[in-house]
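Please go over the structures that come below.
Two complexes follow with chain A in common, the first pairing it with chain B and the second with chain C.
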Partner chain A sequence: MILHLLNRSPATAGTVDDALAAMGPDDRLLLIEDGVLGALPAQASLFTGLAGRLFALREDLAARGLLERCAEQANIVDVEGFVTLTEEADKTVSWF
Partner chain B sequence: MRYALLVQGGPYSSQASHSALRFARAVVERGHRLDTVFFYHDGVYNAARLAAPPQDEPHLGDAWRMLHDEHGTELLVCIAAGLRRGLLDEREAARHGKAGHSLEPPFELTGLGQLVEAGLSHDRLITFSP
Partner chain C sequence: MNETEIATGERVTEGDLLVILRHSPHGSSWLREGLDTALVAAAFGQRVSLLFSGDGVLALLDGQQAGALGQKGTHGVIDMLAMYDIETLLVDAHALISRGLSTEDLLLPVSVVEGAALPKLLDQHRLVLNF
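The block that comes next holds the complex of A and B.
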């Protein structure tokens, strides 16, 4: 299982499409930095195939005032959870 | 586990350095070994010896140095990326006839081979880019 990190907003870059196209059936996606904008309900349709495998970083959501505005499908993890996700994955790929 | 980080974003121009530092602290807090941080592209500016940000702002260079002092983390700077951007240690400054040096230990100028080595020898390599 590979952990994919995405730091671009889906509203401003096509990077999310590349990441999603490269993901295997068990891979996980963690949204960080501006990538957390993907956790908003308006972007939820992008990630419908990722049930239980979509994560967003709490600290970056909080820094943008979005902590209470996330779609339910996004699992919110803090930086300790980020470390755990890297432990559980065989490797990590960053998309930027 | 042994962790390595790759930092490719410049300080104060993208979030990459701050994200990497926050992750680095969480890694050692968890009890893992953070053996290597490799600075590449604009990330090499993290190693600037003369950086003097305002005192009420985070000092990224000092924070990396503290990580080295407390946890033995190697701070490796790509020499090709560094020389292009004016980041030279004493030896390189002398070799290029420069009046002063802009990089000093614990940061070390190294080749890209060290990044490949880090990817092979550590359990995890996490990339933080702009």
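The block that comes next holds the complex of A and C.
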């Protein structure tokens, strides 16, 4: 299982498409930095195939005032959760 | 370059390091840094595969030149890949098609990757670096 990290806003950059195209059926996606904009309900349709495998970083959501505005499907993790996700993955791949 | 037969009958490349190149020449230093990383890894005996994706496919385009102020491009490095035993050159099919390009526009022979082969490619390399 690969943990994919996305730090670009899916609303403005096509990076998310590259990430999604490279994801296997068990891979997980963690939204960090501007990537957390992908956790907004308006972006939810991008990630419908990722049930249970989509995560967003709490600290980056909070900093942007998005913590209470997230779609249900985004699992919110803090930095410790980030570490745990990294431990559980065979490797990580960053998309920026 | 090693290949393993997988369940679907597709051939998937495996190796130590997969470098994904997603930025075009000249516009930024990402492409050059990715290629440099690949060369260093190969010099240390790692089996390196290159995946040209997105605007990165432009790195392989025939007919590249120096930039307007004489800046070196990256096409010289592409010519050196074989010298470093980097022979696994992969291109994302979608990246080519969406830019109206075909493998005939490219400097070197490449393998085209599409669909489900892409995640498998990442899975089959110990380390994946994105540029």
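Assume the second predicted complex is superposed on the first by the 96 of 96 C-alpha atoms of A that agree within 3 Å, B and C clash if a C-alpha of one lies under 4 Å from a C-alpha of the other, contacts with A are read in each partner's own complex, and residues count from 1 in each chain.
Basically, a contact is a pair of C-beta atoms (placed from the backbone, for glycine too) under 8 Å apart; a residue touches a chain by one contact, two chains touch by 3 or more.
Worth saying up front: this structure is predicted, and the values here are computed from it rather than measured.
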Which superposed partner A:Glu87 touches (first chain B, second chain C, both, neither): first
Discussion item. Applying the document's definition of touch, where does A:Phe96 land relative to chain B and chain C: first, second, both, or neither?
Written reply: both
Which of the two partners, first being chain B and second being chain C, lies in contact with A:Asp27: first, second, both, or neither?
second
- Task: State whether A:Val79 touches chain B only (first), chain C only (second), both chains, or neither.
- Result: first
Touched partner set for A:Ser9, first chain B, second chain C, both or neither: neither
Winner on chain A touched-residue count between chain B and chain C: chain B
Overlap of chain B and chain C contacts on chain A, residues 91, 93-94, 96
Chain C contacts chain A in the complex at 20, 22, 53-54, 92, 94, 118-120, 122-123, 126-128, 130
Counting only contacts in the complex, chain A reaches chain C at residues 2, 14, 18, 21-25, 27, 91, 93-96
Contacts from chain A onto chain B in the complex sit at residues 5, 7, 32-34, 59-60, 79-80, 82-83, 86-87, 91-94, 96
So, in the complex, the side of chain B touching chain A is made of residues 1, 3, 15-16, 19, 22-23, 26-27, 29-30, 32, 124-130
